[in-house]
Structure formats: structure tokens, C-alpha cells
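The structure's right below; bear with me while I get my questions together.
The letters A, B, C, D, E and F name the chains in turn, as written, and every chain counts its residues from 1.
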Amino acid sequence: MSLPHLLVEKAVRAGLLEDLGRAGDITSEAVIEADALANCALVAREAGVLAGLDFARTAFAMIDPAIKFEARIADSARLAPGDTIAKIDGPARGILTAERVALNFLGPLSGIASATRGIADAIAHTEARITCTRKTTPGLRFAQKYAVRCGGGANHRFGLDDAILIKDNHIVIAGGIRAVLRAAKRHAGHLVKIEIEVDTLAQLAEALDEGVDAVLLDNMSLDELRAAVEMIGGRAITEASGRVTPETAPAIAETGVDLISAGWLTHSVRVLDIGLDFRA
Amino acid sequence: MSLPHLLVEKAVRAGLLEDLGRAGDITSEAVIEADALANCALVAREAGVLAGLDFARTAFAMIDPAIKFEARIADSARLAPGDTIAKIDGPARGILTAERVALNFLGPLSGIASATRGIADAIAHTEARITCTRKTTPGLRFAQKYAVRCGGGANHRFGLDDAILIKDNHIVIAGGIRAVLRAAKRHAGHLVKIEIEVDTLAQLAEALDEGVDAVLLDNMSLDELRAAVEMIGGRAITEASGRVTPETAPAIAETGVDLISAGWLTHSVRVLDIGLDFRA
Amino acid sequence: MSLPHLLVEKAVRAGLLEDLGRAGDITSEAVIEADALANCALVAREAGVLAGLDFARTAFAMIDPAIKFEARIADSARLAPGDTIAKIDGPARGILTAERVALNFLGPLSGIASATRGIADAIAHTEARITCTRKTTPGLRFAQKYAVRCGGGANHRFGLDDAILIKDNHIVIAGGIRAVLRAAKRHAGHLVKIEIEVDTLAQLAEALDEGVDAVLLDNMSLDELRAAVEMIGGRAITEASGRVTPETAPAIAETGVDLISAGWLTHSVRVLDIGLDFRA
Amino acid sequence: MSLPHLLVEKAVRAGLLEDLGRAGDITSEAVIEADALANCALVAREAGVLAGLDFARTAFAMIDPAIKFEARIADSARLAPGDTIAKIDGPARGILTAERVALNFLGPLSGIASATRGIADAIAHTEARITCTRKTTPGLRFAQKYAVRCGGGANHRFGLDDAILIKDNHIVIAGGIRAVLRAAKRHAGHLVKIEIEVDTLAQLAEALDEGVDAVLLDNMSLDELRAAVEMIGGRAITEASGRVTPETAPAIAETGVDLISAGWLTHSVRVLDIGLDFRA
Amino acid sequence: MSLPHLLVEKAVRAGLLEDLGRAGDITSEAVIEADALANCALVAREAGVLAGLDFARTAFAMIDPAIKFEARIADSARLAPGDTIAKIDGPARGILTAERVALNFLGPLSGIASATRGIADAIAHTEARITCTRKTTPGLRFAQKYAVRCGGGANHRFGLDDAILIKDNHIVIAGGIRAVLRAAKRHAGHLVKIEIEVDTLAQLAEALDEGVDAVLLDNMSLDELRAAVEMIGGRAITEASGRVTPETAPAIAETGVDLISAGWLTHSVRVLDIGLDFRA
Amino acid sequence: MSLPHLLVEKAVRAGLLEDLGRAGDITSEAVIEADALANCALVAREAGVLAGLDFARTAFAMIDPAIKFEARIADSARLAPGDTIAKIDGPARGILTAERVALNFLGPLSGIASATRGIADAIAHTEARITCTRKTTPGLRFAQKYAVRCGGGANHRFGLDDAILIKDNHIVIAGGIRAVLRAAKRHAGHLVKIEIEVDTLAQLAEALDEGVDAVLLDNMSLDELRAAVEMIGGRAITEASGRVTPETAPAIAETGVDLISAGWLTHSVRVLDIGLDFRA
């Protein structure tokens, strides 16, 4: 699992500049001697899955290259409470200055990975995979999508431009399923897949008749999902969405769908509690 | 409640460019006629508090100035399920293109405002106020802090540079409460306040003895908080933190503290469900 | 055919700032009166296809909103020598200042569209389409890909991240066609297509055996291409590359391939001669 | 021949971010092991002149500092087909990720250098030099002008602000050659040269009478050029433009002009074929 | 005294790109051999206080990392004429290229520090401190405020957002001192201080009655200042402004005010003469 | 006198974002009603020359397009104390928010224009002109050079790249005046002028012998200057530098030099006192 470092650098720089403002860390400068050193550990305070280590490493390095950052655990790994993620040693001022920005990336991204892992584990007895949506935080989509991968999830579209996803409103405005699918095929590049959202089996039948790469089965009951999977018979990739939780996911996955998507993985997830412990 | 439009513009532009990628909205371009029009409504699907309307307005305007955006409800207002927040009319393609970015600002910011409002209402019978922290999403702190204000909360520091907040690690590294407070006062500008985190009443006594603008009472029991408030006797602003929920907040507030702070308001909040309905 | 205006704006602003430097258009300021007006026409000096009108319009508008720009011809349209593309009237200084940047977008993009149209016309009697590559000018890929569409071409990948394209070097390093295809499928999101480059029919057979969305038939003879198309039998999209010119394209297209790709469309194309004529 | 590295860095970073998009090189990540190594050579596939090596070096270094880049040939050098330009060794993933961006700078810039060299060689028996124009790719003017220098050419203006160049339209709008030259001299800083475009010997006489640093003899016949050079008699630098090709250049140069300018050097040049060969 | 290096880097990069323009240092490239070396010293040509050394170090390092920069004196130190501030050795071209930008930061910032030190020394027999305003150079406020600290001054607000400062116009528009102070208190976060400008003792009485953190005594006579300090009696921080010079400052400080503010420290200060000497 | 608005916009946006920080104008938001209006006048409080009006206009417009800005005086005009420069009417909050940034451009730029005018007037009885240097504020060179023009001055180089200026250190390192001038001529483009700094008449003789466009006569006595002008006899432009003040300038100008340059015009100038008056 990897992420272009150029993207990480750009996001961390922006985060640090936001926090430093126009005067920098006036607390640490006022109360910590310039030559004070600290030995710290990045520690998981609860169980979960790690994501975003390069963001944390970069935050400390950008503030002071003299800070040593020694990772003990890699992204995608499961964390137990108390696990040391990394040892961080060096100038105390710099460590204190970078701490919050490092954690503001690491905690939420690990939260996304952990939530994704929760669903992934719950459906591990099936062939289905959990996937995310475009309901992400503006500016951080690349990072949140990466966190989903760290948690064992699959990525959906990264933007408006890398696949065609026809939603209910497109269908209504454009005049029906057949019309939109024909228009989409005329327009799509040869490496662009087409997915369409359907709410009923009747719509699904129409879409299959036209031919499509994937269908988004929105808010269907388990019975409808089973019927849909059967009707499709492998002719398209199947994605179920709506009311996905760790509790409901197994049953949805057992209907035979290929993917289960959940917006809350990226828009409403709880931070994973990770802290920076200073040693005496 | 207002927010500099220049900041909104910059964030929305970045969000749109992220979503448009290198090819733009290939779905809408493929399936929607260039001259198709749509009449839409931004609708609250659940109860809450609105925050971020200017982000949504700007997203639509940046994609197509021909889109009319008529707000019916202002930021900070309470929303009931089904409330129309704004009417949006104009070119269908542009509305569909901007929709997700508009909602990716509006939903999470309204989620923060709503969660803040929940605590604010729960402690409305006291003088205490709910406040946020620096545990925010990198790049969006200005927006999230604004959402806290929309929800009736107060803002804490905006960065490392606008107030001195001495945490436990500062105290340990710098050699005790008296030393850090003296150093802080020597360094602070005349418009910079100083707050210090204390974990025990003994630490509090020491801090009060030196004199300080505000004290952060971290993870104290209700009895300790009451004792702390009494010991302080108005000599410093009091902020309680740790395990704040709508359920625990009233009792904490009733101890007499001035502020209750909660990191989850900004780092772990649930999106408020707001949708864009297209009319036939 | 459309292009997000936000992307156009960003590119034009950068182009103008580059040309203005630190002192602006010192010639026009020195020799043209501030209130002098000019009536101009953007004129095609040779036959071709228009692409990039919004870049030109934006360049004039950014320099002086008082300049009127009235388009007579739309992107994708065929141009005959002498055709008036747009009438441009207003302050002479601003028109002279923006002229070169406007033309530096319009000429090369129309050149790409025209070259693409040349191939598209040459293969119009077949089902094949002409497509571009990632061999584009850094920073202007979105614009050049758009110009290809204006010329009747199809777009290939927009970047490293929107489709999997396995080249010969990937295969060599990763240990063969079967290995790379299996790895690719494990990794690919459900809306990501996979294409593989093959140089021989033996490689093709192996790829088809594993299953793949598209095959890039690199530098094959017409006989090999015909054999390849027959072997594939509709099981994958077919793309031929290598030595594509208006002369060779018809025969390549007649082999039955779906796509013909040519890097030179974007990396080596001749500008289309478009000029700005000033009327007395 | 050198180029400020800060400018190179900025352009390469933008080029890489464009190509990486939001997910990075999904092909290499899927099919190449993280620890796979590769030994490669940047090889000229045809004869020409090298330009842009620092762009290529920077692209590989930005993606992975572990990639070793050992140049064998310097910018401005002549390349024979098969020449190894540089050895590139290190992590295979990073090399594959950076390859296209590196080549998208190197190929077109070397193409410009090679074309310039072609003209420079053709006129080497005269005192004339070949020069470029402002007909460059928006955002890359500094790089393209550098490539012209690598090919033995001279640079014309870098923008609207570093010299006064009075074109035909300026003359028409401003009321004649005497008026524009007087206005230009009043306005120009003491280190700013003034050049004027003339189409006829009558115009030239008028310009010489007023005095000017350089004259652009636009689209004149060889006879006219000879007459112009004689009339000027060393009182101004002479630049000939219009229909310059390797075939026509020698005769133009032999008229005695100081400079021959050609827009196509930067706006319509063919890429130089340079490839990256992977060794087993 | 320190300054976040990320802020320094950003400002220096912008300064260098401004000076390099599109072609770089054409003089040094033309006349200095690429392998020429130089030994230089950054030397104070007059007495003063140093500020901005990291800007200078960064300018040389960004142009050529091979340049060695060895500081002999630190920011905030007093300089005597002839003092060597730093030794700079390495490639001559790079040193010459970076020189002006390095000095354009170092000279003006040291000028601010020196002027501040002048006032600070003049009032050193009192408890008063000299402070700056928001009358700074757009884009360089962080640097100029830092220079004030280097000169022994205190910083006022860094922007519109880090403290409430109610000026005369606010009072007029908002309806009087009581109204504005009550509004300010309702709005201010708990770490935000409130300062109000008063022109008369009557206004002061009103402000003290409402309670406020600090008062700006604008353009008062020495008698009025003394009366004001007495009336305040320690209930608010006192800041005197108006006609502050090294000559007037002692008397103002002796009135007992806490702070003396002067806009000219940052908006009208003379550069400190620092030069770069090349050794044979 | 004009300035590209795109450059103004970029600088003002950066200045406003710096001042707004992360929370905006918390004072005006707290104490001024959202619908309060104000009628203001931008007034000169001392005599001088105006420069930078478009910066001020843009600052108000960017904060609130509802603010009306009606200029009464144009850049380059002389101001008498009390002159109304512009009327500014509209929402009081926005006017108060933009005020400081508007003045932070207008005051210093008018200060530069006024100081330049002072010298220009002092030497108006000669043919000499006053000119600036590259000793400018990083990021604002374009604006400061414009202010010099508004004050009747001429501009020197805008950067390292628009002319060749050979300084004493170049000569020492490169091995003498003849060597550097020959190298410079080989390298310079045909629109690039060459100036050389000389300290003695012997150096001057050598430079004239080689031929050069301009000579910088550094720190020469009036007698030396006279001798230099005579020796040059019109063969090169002459620029005198060193110890230029309104008092010394006339005598320097009377020596017959073409230009007098002074770094302090841009690096050490006093702000011109311009204020914003609010009407009842």
C-alpha cells in the first residue's frame, strides 16, 4: 500500500502552515529551551488499523530535520492498545510544534482504515468487498481513499473524471436508462467504465439489456439484492449501497454482490485514538 | 456569524479542482444536454443546525454563474427534517457537477454545528459554553471553527500562534509549572493570553499562585472540578476537558466551569444529512 | 465538447503572468494611447479544426473585461482559410497585450484538433477511432486531450491513476504476462480497466487466456494486426500503435482494430495558423 | 548553458502532480514489487541535440531519491542514434512512475534544440544567428528558450516586459513609425532596447531616421533584405523573419542580416525520440 | 528568538523566483566560469542589530546547496561596523546570483531590529516596552514582527483575527464605548484579549467602567498619559501611541505606560547597511 | 502610467489573506452591525505623489463588491495635505476590514513616488533622470518599480534576467574588464543591453575601448563624474550612483550624467501619510 510522497508533502506543508500561522509555536518557543531534547513514542490508545504514517513522518521532518522518526509498525497493520507505532527523538521544541498536525492526519486516517477493516472483517466469509464514495473531505480525498485501502477496502471513483457513474438524477433529466447508457457509451473513452444506479429490478433489466460495466443497487432490500444478483448473472459488477453498518454488512454481502459502498467511511468516521507519549 | 469570503473561495476552488481532475464531469457531459435546465432544492433530511451555506453557493457559482442560488435559511439556524435550505435553478450540467463538492462542505460543517448545538443546549441552564480544540482537519480549520460558532459554541485557539497554551508535556520538559509560567509571561505579547493545563489541585494551586489567564482542568472528576472552581474563585477562566458528551456535559457545566472543550466536535463528528432534490 | 472553465482560467492566468513578467506590456503602454480602441478579428489563415476558444476568450477578458469577444465559430468546427473565428473589439492596449497568449493556446490546440481530424477522416470508413497518449506537454494535458476530442478523437488515460496500462517493461520486471495480469486484477478498483501491451501473437494468446479489458498491439504488421483481431474475437478492446500517419492509418483501421493511437498528435504537432487582424 | 534549478523544480513538480493525479501510478504499484530494482539507460533513438537533462534528473529524484541518475552527456551536446544519455538505476517502481514526465520534458526540449541546431549549422558560414519568438507553450517559455540556446540559437524577448518590440499593429493604431518610436524612447528604461517591425524599405528609412536599436524585416524578399542591410549600414541590429526553413535559411543569412527568427522552433517542433531502455 | 523555517523558505523561494525571472542570472552565467569559486563575508557596514540570518542562509542554499554558509553572529546580536556576520564560500556564480535577494531580506529586517533596539535602549530605564503595529509590508508581516522581537520589542496583533482592537471608527459607527465593549465581550473567545483606543480621559473612564484588557492611549500629551496611568491603576494594560521617536520615547515611557507603539518601525524604517565582500 | 491588474490582484489577495488569518476581522464582526453603512474618504495628510490606487481599490472590492470606490485623483498626481484621493461608501464592516491592507499598499508606494518626485524635481533643470535599483522588497518589486515611475523616475533592471549588469565582483572574479565585456557580448541576446560598473577613469577607458551600452559610475566625485562624462562623449549611457540625496542630486545631475540611481528610493523610504476618514 503506498501513496506518492509528493502528494503527502503538499498536504503536510499546507497543514503545518495553517497551524503555524504568522508567529509559529509561541508556547514552545516561550517555555522550552532551544536545546532541550525529548524521547517520545507514537502510541495507539485503542485497537484499530494504522494509516497515514508518512504524513506524520513528514510533519516532524519538515519542522526539524534533526528529529529522528523510527517506525515500528507499517500502514495497514492492526494496532492493539498500547502498541508503539514509532519512536520519535530529537529537539523537544520541534516535536511539540509538529505533534498536533501529525496527529490530525494520523488519527482520522487510521479511523477510516479501522472502520473499513471492521466492515471488511465482517464480510470476509464472502467474496464481497467494502468500498468508499466521493463523500470525502475537500482537499484530502487522495489521503482518505488511501486509508480505505489500508483498511482492506477497495476504491471507487477518485473524481468526476475517471469513470462514468450515472445517478438517478442523470436518468431523470436525460430521459431514461436507455438514453443515458447509449449517450454514455458514445462518449466514454475505451478505458472508462460505466456504472449506473438503479432502484428497481425493472430499471436493472433495462440497464442489462443495454449493457453496462457495473450497476449500483441503491437501497434495495436483501430480497431485491438477491434477485438482482441472480438477474445479472455475472454480466455486470454489482455494488450495493444504503444503510451499511458492521451489523448489516454480512447479510448484504451474502446476497452475492461484488461490492458494498458506504459514504460514512470517509464523511463521518471517528478518529482513532493515537497519542504522543513523552518519556522522562 | 460570518466568514471571510476570500477564505471560502480558496477552499471551494481547491475542492472543485480536486473533483474535476483533468477531464471534468464526464458523466454529465456525456448524458445531459448542454441546454437542459433543472430546478432543485437543497433539503435537510434530518434535524440539525446549518453551517457552510456560502461554501455551497460558491461551488455552484464557480462552476456556472448562470446557476441561481436562493437561500431560504441562514447559517446557525435550526433545521427540521424536510426544510428547504435553498432553491437552486439553472443549467442541469453545472448543478450536477457542483453538487458533491457543495455537499462535501455543507454536510460535515452542519454536522459540526449540530453536534455543538447539542452540547450547547444541554448546558444552556448554566453559564458554561462549549468550545472546540485544534484537533481539526488539516486545511479546513477556519471552516470547522466557524461551524462551531454556528452551533453556539465558542472558539479556542486557531493555531499555535494566537495564544499560549501550556500542556502537560511542556511542563515536564521545561521543569515545572512555576518555570513555564514565568517564561511564558516574559515572552507573551500584551494581547496574548496564557492558559495552562493542570491535572491536580496541587498543580492548580501553583499555577494560581503564579497567576494565569486560564486553566485547563484535564480529566478531573466532578468533585475535583467543583473544588477547582472554588479554589480559583474567579481569578482565572476555567476550561474542563475529557469525556464530554451530551450526557455528561450538564453535570460538568454545573460545577461552575466557564468552558467545556471537546476534540470530537471537529475530529469525529457525523455528517448532517443534507441532499439535493431535483424536481420534475 | 466542453472543458471545465476553472481549469481554463488557471492555465490562462499562468500564461498571462508568464508573459507580463514584472513590468507588463511595455510596448503597448509606451506607444498606444490608453483610450485607443481597436476592432479585430481572429482569423483562420489555413484550413483546420478549431479548439481552445475559451482559452482565447479568457485571455482577453482577464487583461481587460471591457474587451468584447464575440465568437462566430465553435470548438470542433472545421475552419476554411479566411474564416472569422471571433470578433474582438475594445481597448487596443488590452487586445495587443493579450493577443500572443490567446494565440499560444489557440494555435497549438487547433493544430492538435486538426491533425486528429486528419486521421479521423482518413479512417471514417471503418469503426476504428484515433486516440492520443500520455505524451503531452507538462501542465497542459487536460487541454491537449480536449483538443483531441475536438478533432474527433478519443481520449486514452489522463494520467497514471485512472486506468492500468501494463507496458513491456512492467512485464519484463514483474515476470511475465500471467503474473502481471493477476496482480493487476487483485489491485484494480471495480471501475478501473486494465490494458496490456503485447508485441507478439503468443503474448496476446497468454493475455487473452488470463482475460483483460484491452490490448495494445504495439508495432505489429498489418498481417499480425488482422490475426490479432481475429484471435481476440471481441473478447477485448483492441488498440494499434506504431507508425501511424494519415497515409498508414486507413490500412491499420481496416484490420478491424477499435483504436489507433499516436503520440505525435500531442507531442509533435504543427500549430494551426490563426491570426488576429486589426481593422483600420 | 545553464538554467536556474528553482525553475526546473517548479515545472517538474507540476508535471508529476498532473500525471500522478489522485491515486498515483496504480499500474506499477499493482504489478511491480516494492523492492524490485531496475537498471536503465536513457538512449537517443535518433540524431539530435540534447536539452533538458536537469528536468529528467529532477523527475526521477522527486519520485524517489534512491534512484541514481548518472549523466553521460550534457545539454547542448550532439547525439548519435544509440547514444546513452544517462544511466538510471534503482527502485523499479519509481523509475517507471517518473519515466513519462521525464521524457515529456526531455523529448520536446531536445526536439527544439535539434531543430535550432539544424538552422544554426545551415548558416554557420555566415555571421547570422537563429533566434526564437514569444510563440511558446504557456508555462514553459523559460524551458523552451533554454532549449533554443542549447541548439546554438539566440534568445529573443522572454516576455512583454523585457524589451520594446513594435509590431505592425502598434504602428497602425499609434499613427506611424515616427510617432511610435518617439513614444517608445520617452518611455523606455535605459537598459531596454527598442526593435521595430518594418515591411518595406520606406518604413525602414523612416525608422532609421528616428533611430532604433533593431529592426525586424518581416517577410522581405532576398533582394529587399540585401537592400535593407545595405541601407542600415550597421546602424541597427537586423532580424529577418518569415518562411525560415533549413533550406531557405542559408540564403537569408547570406544577405547579411544579424538574426533570423522562426516561430516554429518553439510552436511546431517535432519531439526528439529518446527512450528509456530497461536492462534484463 | 526563532522563526518557523517553513515560512522563511516560502518567502525566500518567492523572492528568488521574482529576481530570476524567466532566464535567471544572465550576467553571472555570461561572465563567470561555472567552476569559479569565491570566498566571501557578509559584513556589517554600520552599527545595528542583526535580524533575518535564516533568510540569507536559505537564499544561498536554494540557489546552490554547494555554497557553505557559516554564521558568526546570531539574530538579535548587536553589530559593530566591520563585523563579519557570516562566511560564505563556494561556487561564485551561485553566490552572485543569490546575493541581492539575501541582502533584500537581511538589510531591511536588520533595519527594523536596529530601530526597535534604538527605542528599547532609550526606555530601558523604565518598565515600558516598544511594540509594533499592523502597518507592515504585505506578505512579510511575519518577518517584520520577528525583526521587532530581535530588536527587543514586543509584538502587537499579527492580524485582524488574533485579538480585538477597537479603534475610533468602530466606536463612532457602533454607538459608543459601552456598546462596543459589551458586544466585544459577547463575541470574544476566552483566549482573545480586548483592547480599545481612547482619545480622552472621559472615554477612558467609560472603558474602565465596562472593563477591558488593554487601552490604547492615542496621541495624548504627557500630562494626559500620566493622568490616564493613574486612573487605570493597573486595571488594564496601557499602550501609548503617536509621535514616538528615540527622543520622545523616554518621557512617554516615564509616564508609566506599559507599551509604546510605533508604526514607523515597520513601515518607514531605513535599511541597515550590510554588504557581501569578496576576497581575492 | 499603468500596471497589469493581474499582478495587483495577486498581491492584494495575498495581503488580505495574511491579515484575515484564520478567523477574519473579529473586531468588526463583534462590534459593527452587518448592515451598518459608512461614508469615508481616503485623504492625504501630507504633500506627496500618489501611487498604488488600484491596490486600494482592489482591496476593498475583494472584501466586499458592494463597497463603492470613486477615485478623485489618479496615480502620479501631486497631493496636497487634505486632498481627497477617493470616496469610499458602503458596508462599514467591509470597509474597516480592508482599510489596513489598502493603506499598507498605498502609503509605502506613495512614499516611494514622493521621494522619487523629490529627486526628479531637484534635477529637473538637467537632462538627468532618477532611477531605482534591485534593492526592493521581496515580492513587491513590480509595485515599487511602478511607484518610481509614478514619481517621475525611470526603471532600472527588473531582475537578474532582463539586462546584463556587470558589478565589481564580477570583474574581480572573471579577470578584468576586457574579459567580462567580451564574454557578456558573446552571451547576450540582441535585445539585451550591457552595463558595467566602473570605479575609476582607468577602468572606464578600458570599458569604452571594448564598447558597452551603459556605464555605472560608482561613488565618483563630482570632478571624476565630469571627467567621465567627457571621456565617454555620448558613446555610452552614464549612470551615477552613491550618496544621492535631494541635496546632492542637483550637482551630480549637472555633471551631465544621464541617470542617477539610488537604492534608498525603494529600500528605505518613508511611508506617505494617507488616512481613511469616516464621516458621521
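Throughout what follows, a residue touches a chain if its C-beta (ideal position, glycine included) is under 8 Å from a C-beta of that chain, and two chains touch if they have at least 3 such contacts.
In this text the structure is predicted, and so the values were computed from the model without any measurement.
Colleague: Touching both subunit B and subunit F: give me those chains, sorted by label.
Modeller: Touching subunit B and subunit F alike, sorted by label: A, C, D, E.
Colleague: What's the overlap between the neighbours of subunit C and those of subunit E?
Modeller: A, B, D, F
Colleague: Overlay subunit E and subunit F by their C-alpha atoms and let me know the rotation angle in degrees, rounded to the nearest 5.
Modeller: 180
Colleague: Do subunit A and subunit C face each other with the same patch, meaning over half of the contact numbers show up on both, or with different patches?
Modeller: Since more than half of the residue numbers are used by both chains, the interface counts as same.
Colleague: Roughly how many whole angstrom separate the Cα centroids of subunit D and subunit F?
Modeller: So the centroids are 33 Å from each other.
Colleague: Please tell me the distance, in whole Å, between the geometric centres of subunit C and subunit F computed from their C-alpha atoms.
Modeller: Those two chain centres are 44 Å apart.
Colleague: Starting from the mean Cα coordinates of subunit B and subunit D, work out the distance between those two points in Å.
Modeller: Centre separation, subunit B to subunit D: 51 Å.
Colleague: Mind pulling the residue numbers of subunit E that touch at least two other chains?
Modeller: Residue numbers touching two or more other chains: 18, 20-25, 29, 97, 141, 155, 158-159, 161-162, 165, 192.
Colleague: Does the chain-touch network form a line, ring, star, complete graph or other?
Modeller: complete
Colleague: Can you check the complex and tell me which residues of subunit A touch subunit F?
Modeller: Residues of subunit A touching subunit F: 18, 21-22.
Colleague: Can you list the subunit B residues touching subunit F in their complex?
Modeller: 2-7, 10, 141-142, 145, 155, 158-159, 162
Colleague: Considering the complex alone, what residue numbers of subunit E touch subunit F?
Modeller: Listed in rising order, the residues of subunit E that touch subunit F are 11-12, 14-15, 18-33, 36, 38, 92, 96-97, 100-101, 103-105, 107-108, 111, 134-141, 158-162, 164-167, 169-170, 172-174, 179-180, 183-184, 186-188, 192, 263-264, 267-271, 276, 278, 280.
Colleague: Which subunit C residues qualify as touching subunit A in the complex?
Modeller: Result: residues 131, 154-158, 161-163, 165, 189-193, 195, 213-214, 237, 239, 258-259 of subunit C touch subunit A.
Colleague: Touching residues of subunit A toward subunit E in the complex: what are they?
Modeller: Within the complex, subunit A contacts subunit E at residues 13, 16-17, 20-25, 29, 34, 62-63, 97.
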